[in-house]
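One structure follows; several queries about it will come next.
Going in written order, the chains are labelled A, B, C, D, E and F, and every chain counts its residues from 1.
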Amino acid sequence: MQLITAIIKPFKIDDVRDALSGIGIQGMTVTEVKGFGRQKGHTELYRGAEYNVDFLPKIKIEVAVTNDLLDQTIEAIAQSANSGKVGDGKIFVVELSQVIRIRTGETGEDAI
Amino acid sequence: MQLITAIIKPFKIDDVRDALSGIGIQGMTVTEVKGFGRQKGHTELYRGAEYNVDFLPKIKIEVAVTNDLLDQTIEAIAQSANSGKVGDGKIFVVELSQVIRIRTGETGEDAI
Amino acid sequence: MQLITAIIKPFKIDDVRDALSGIGIQGMTVTEVKGFGRQKGHTELYRGAEYNVDFLPKIKIEVAVTNDLLDQTIEAIAQSANSGKVGDGKIFVVELSQVIRIRTGETGEDAI
Amino acid sequence: MENSIFELQYALDTFYFLVCGALVMWMAAGFSMLEAGLVRSKNTTEILTKNVALYSVACTMYMVCGYSIMYGGGDFTAFLGGITADGVAGADEPATYAPSADFFFQVVFVATAMSIVSGAVAERMKLWAFLAFAVVMTAFIYPMEGAWTWGGQPVFGMYTLGDLGFSDFAGSGIVHMAGAAAALAGVILLGARAGKYTADGKPKAIPGANLPLATLGTFILWLGWFGFNGGSVLATASVESANSVAVVFMNTNAAAAGGLIGALILAHFLFGKADLTMALNGALAGLVAITAEPSTPTPLLATLFGAAGGVLVVLSIVTLDKLKIDDPVGAISVHGVVGFLGLMLVPVTNPLTADGGASFSGQLIGALTIFVWVFAASFVVWFALKAIFGIRVSAEDEYEGVDMSECGLEAYPEFTNA
Amino acid sequence: MENSIFELQYALDTFYFLVCGALVMWMAAGFSMLEAGLVRSKNTTEILTKNVALYSVACTMYMVCGYSIMYGGGDFTAFLGGITADGVAGADEPATYAPSADFFFQVVFVATAMSIVSGAVAERMKLWAFLAFAVVMTAFIYPMEGAWTWGGQPVFGMYTLGDLGFSDFAGSGIVHMAGAAAALAGVILLGARAGKYTADGKPKAIPGANLPLATLGTFILWLGWFGFNGGSVLATASVESANSVAVVFMNTNAAAAGGLIGALILAHFLFGKADLTMALNGALAGLVAITAEPSTPTPLLATLFGAAGGVLVVLSIVTLDKLKIDDPVGAISVHGVVGFLGLMLVPVTNPLTADGGASFSGQLIGALTIFVWVFAASFVVWFALKAIFGIRVSAEDEYEGVDMSECGLEAYPEFTNA
Amino acid sequence: MENSIFELQYALDTFYFLVCGALVMWMAAGFSMLEAGLVRSKNTTEILTKNVALYSVACTMYMVCGYSIMYGGGDFTAFLGGITADGVAGADEPATYAPSADFFFQVVFVATAMSIVSGAVAERMKLWAFLAFAVVMTAFIYPMEGAWTWGGQPVFGMYTLGDLGFSDFAGSGIVHMAGAAAALAGVILLGARAGKYTADGKPKAIPGANLPLATLGTFILWLGWFGFNGGSVLATASVESANSVAVVFMNTNAAAAGGLIGALILAHFLFGKADLTMALNGALAGLVAITAEPSTPTPLLATLFGAAGGVLVVLSIVTLDKLKIDDPVGAISVHGVVGFLGLMLVPVTNPLTADGGASFSGQLIGALTIFVWVFAASFVVWFALKAIFGIRVSAEDEYEGVDMSECGLEAYPEFTNA
């Protein structure tokens, strides 16, 4: 089982959710984050003084998947989140040693 | 060392914290997240038009634990966060390769 | 490739970002979180009744790095985030099995 | 010529009533903002809805029957047509100002009394149960005691408060304590908010979500109170009445300032911090304290009376909290406890003489009459509503916030995450 | 002596105008808060900027030429100097109140008409295009129809509305429907907000970010409306006019209450919840409905007229939504549709007689005249602006919010994450 | 009969004072909201607390001694009793309006002057140090210069400003510049906020947390200013004074509109965006600019004077920022720099003649007198407070926000995460 973490542009969230639903993914967890990367922030003027918006709003999506769905899921996210412009984000994958569904106590792949 | 990530219902946060304190866990990190899963969102009417609340508020708890405390911690979270209703959430476990306490520079199990 | 997750005090965020830029790190993702640990919260009075501020505001920084930069990055965070006072936070490291850059489809170290 | 002068007096007094009435109407906004600021964000839409709706209900019910119960001896039909004409139909004397201006000024008072209730029962009461109560309160409960006091009618034909040395200039008792009595009955039947008390019964703080709103609400009330007290002189078109109105404005302001300072200082000594919400309650307490008699004290005395109100309100809030009377905005303390103080302060500067004034015994009897009637009648109504429909939302709805369950809409959908 | 009485009448009428004018000015704050509460947080700074700027533009343009087009026959220079003196230069009769008070009262009406537009085109129109429109609207479009109605001039020299039995006491049509007509033209040329409709054309809800602000805005408008309608009696210094002003205050309040209750109940039946934003629109609809004739109904009738407005506004909002006329704050329904209702209700209580009043046909002709003129003229101006500069922000700016693109500043920089 | 007319004049003038005074009191809410909107959320509770407390302190101290220093020659005891009676005790002439109305109108001016200070020292000053300063400012510093100007007393027995051709109708200098001078002294001793300047001394922006509040505050001030300037005519019950009051209302409005437009356009050229906060400061600058003489300009001139204020305030804010005078809300620029401009504009429309008016030299001397006195006296008081108790919170408290350290309470506990 793998945990996929994707950092995407906020306005792509609906597309990504639809793409994931499309391949049968039933659950995900979403967090509002701020990103720093090649996509540079911008400088604004407020009352004549400058301020830098370094950290840009991003959305983090976490999806736990079974190994067999891994590639397909990555593919789905990568495609649906792509706008072709700098700042589209990253996908990170880590190995999950355990998954538990709190309600039923199921573990492993059943719990995803 | 393991990093336990639990997605729970917001109103269970106090119970979970107490359960973790009860077994001697001294630290945790909490994030407000939105969840998408079998627990379906709902449709609301605003000025006669519909809007969907797809993403439901959830709390993410991250706890780093030593291997020997792992099962006990999972158990404590699973029990205290259980309301028996759909949407209770998931627990994910990943292996931590390193832990460092910033203040003292301690590493490994001492740092947890 | 490794994913470094650091929980730090909010007012250290600029120092940490500068330290990371200093060693050539080009990307990071930041989340506002609440921490529970040895640094105890405090009790406030509101209209004569008590309330506990148990969870203290913290910042979570996630940085994906290549293996060769790992130690240097940890070092940079640990130093720049250190205020010497309880509550300075932790650094957690997990192994990344994959990284993908959404925009280009690059994978692995190229994607970081 | 004489007629021209009468016309001008009539016009000035009418305009003065309308301006004062508009200021009192503005207090409805004040209560809304104060209460919206002191509840949690998840209960904000609902408290706003309650406030706009109760104001509308009050205006409508008082027109339909409240005003005629209070002042017209209950003759509805004659009345409803009459207030648009030159005088109230069947009135003995010709009016010295427009009858509809009088109605307008009176109607906003009812809304004030009802606004007091909404804050105390916030965050857990069903919206429609509340509005049902509002109908009865503004159509009947308030007008009844209004008839016994400002209306001059004997209490159930038994005794006449005016004859006993009761005086309540602008309504510390008639409006404020009455609202608080209705609120108290509701709160007792409703119980405390979930999470307000620890397992061992200690009160826990539930901070309000938006203190700028609460502060704005207090300022609005402060401004509106000039109309509330100033308009209660009931005339301004002579040197004597103009002086009286001016003194009332000055003292109303002084008492609010005194109340704020009193509460701020006491809270500082008790809690070690400058507690803004207590200071705001203190200002309101100062206003309530002076409302029963703002025209006779010197400004220094008014400041001190206000300060007494400010001190009392802090102590009262802490005490009610301990007694498990859970009042999220402090309405029972501000309007009830300090309303009573206001009544008892009247004889200090306006003792009973042949020309009027008040005696301590008269004030006590009046206060008891108002309190017992409003509390008992309200208790019966709340009780009936509880028995028939239930007055409290489900525990789950309370946890999720009544905004979603009652109004289907969050007040700040973009700002809060949990 | 007689002169002293005249002086007092003059002074009282002037003061009354100024107080009413200040209340109407306050409505600008009401529109700002209402609109700022009903848009998303990312478009809040911009709507605030539009509101403060449009008010300033309206005051300036109406002074420069609007007022003289409307009342002065277009003689600018004489006029600009004249309003500081005792009377408007060239006026036939001596004024019975200060000419500058009249100007002050009139100028805030223009701003009201223009405020209606800003809400309807919110969240997607370019700031400077909007302000350019504001210049033309307040300098020319509104003053023209104002000249035909309150100014008594024939419509393009063809027919005189007053002679046809048209009457609009305080401007349900002249101010409110006119503003809505300008807004409608803009909305049609502008199109709906991105995301307002699903692929298959179903309207989607876009909740406003801050309901306490929207509620505050409504209360401010409610208060300001006492000046709007009350001041439109145009005199108060006699028994007759004072009675009229008082009735207007009473009925204005009653209609708002009726409108709120009507909308709240209908929304409850249609949507199953107590919809706060509909209730607020209902109160405003009640106010618009009574504005064309607040002085002749009984308070009970005023409440019912208001309730009719409240019911109509809910139906209208839902219908316009279906027709893809995307109006984030409901301005076209509140001010346009209900403004028309208000005009048509006038003959019910104030039928045409030798002494004035209104006929249904006169009202219809008047309504059509105002609507056609303002809609057509506005359409031309919006169209020209669209052709030359464009009136809509880029899709990306709309997504990110116009606060950053137009104003460089978020309204709540610390509170929202995404 | 004559007496009846006198009574009516007395009543109307008194009522006019009270209405204007209530409007000025409302400005306290305006300052609170403006400042609460322009600070960061972590310092919001504290700025609100300062604002409600300073208003209360001002009202109390001015009653205790300030008013008698300013107008009563310092005879406290006789005075305190006297203002509730028909005339101020010992006054030579019978009053033509209620003395307590005069007190009420005057007392809210003091609070205005003090409100100016709180914004400039926001986000870093200790609450109790600020309130201690407020006591001295409102009891002594302001009343002293008030005595030399509106009170007609010679400056330390040396020269009399009125004789030198100094005129300040409603207080551009006496109230606004005085407040700014006290603020400037405080800011200099206090230093800039942490993080306001980069290591190499460049100013950094620190955006305010809640722009709807700041906008609301500006609208409140705009409304209140009608009372501030309009009431300063000091009478309305004759054709002449009524005309004057009406002109003042019209011009006050025009100047604010001009100021807003001036600032909006200049900011657009300088910064490329429609800067809302600059526009708001521009409106206030327009108001301050016209305050020294709102009764003599034509409305066109008033608009232009306002626009000059709006332009100047933008330049001043940018300049002070560069000079490391850190004023989070722009109070020193709006009230101080533009207050001075307002004084210097008086002779343009109201030159010195036998009947009064102002000369440039008189204005300059008056401005210097006010500024030097208030700045020097304030500097001494701030300095003493700094030496004895310290006036600045600790760096850690400043970082965490003064809400927690001074008030123990966040303003928006649910909305901000960090």
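Throughout what follows, a residue touches a chain if its C-beta (ideal position, glycine included) is under 8 Å from a C-beta of that chain, and two chains touch if they have at least 3 such contacts.
Remember, predicted model here, so these are calculated numbers, not experimental data.
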Any chain that touches chain E and chain D: B, F
When the contacting C-beta pairs are counted for A-F and for C-F, which pair yields the higher total? A-F
Taking each chain's centre as the mean of its CA atoms, how far is chain B from chain C in angstrom? 18
Indicate the whole-number Å distance between the mean C-alpha point of chain C and the mean C-alpha point of chain D. 52
When you check chain F against every other chain, which residues touch at least two of them? 1, 5, 8, 12, 19, 207, 210, 216, 271-273, 275, 277, 408-409, 412, 415, 417
Mind pulling the residue numbers of chain C that touch at least two other chains? 31-32, 34, 44-46, 94-95
Run through the chains and report each pair that touches. A-B, A-C, A-E, A-F, B-C, B-D, B-E, C-D, C-F, D-E, D-F, E-F
Chain D residues within the chain B interface of the complex: 399, 404, 408-409, 417-418
Parts of chain D lying in touch with chain E, wherever the complex brings them together: 1, 4-8, 10-12, 14-15, 17-19, 21-22, 25-26, 28-29, 32-33, 36-37, 44-46, 48-49, 51-53, 55-57, 59-60, 63-64, 80-81, 83-84, 86, 97-101, 103-104, 107-108, 127-128, 210, 213, 216, 406-415, 417
Show which residues of chain B lie in contact with chain E when the two form their complex. 44-51
Partner chain A, residues of chain B touching it in the complex: 2, 6-8, 31-38, 54-55, 58, 60, 74, 77-78, 81-95
Quick check on the complex: what are the chain B residues that touch chain C? 3, 17, 26-31, 64, 94-103, 105, 111-112
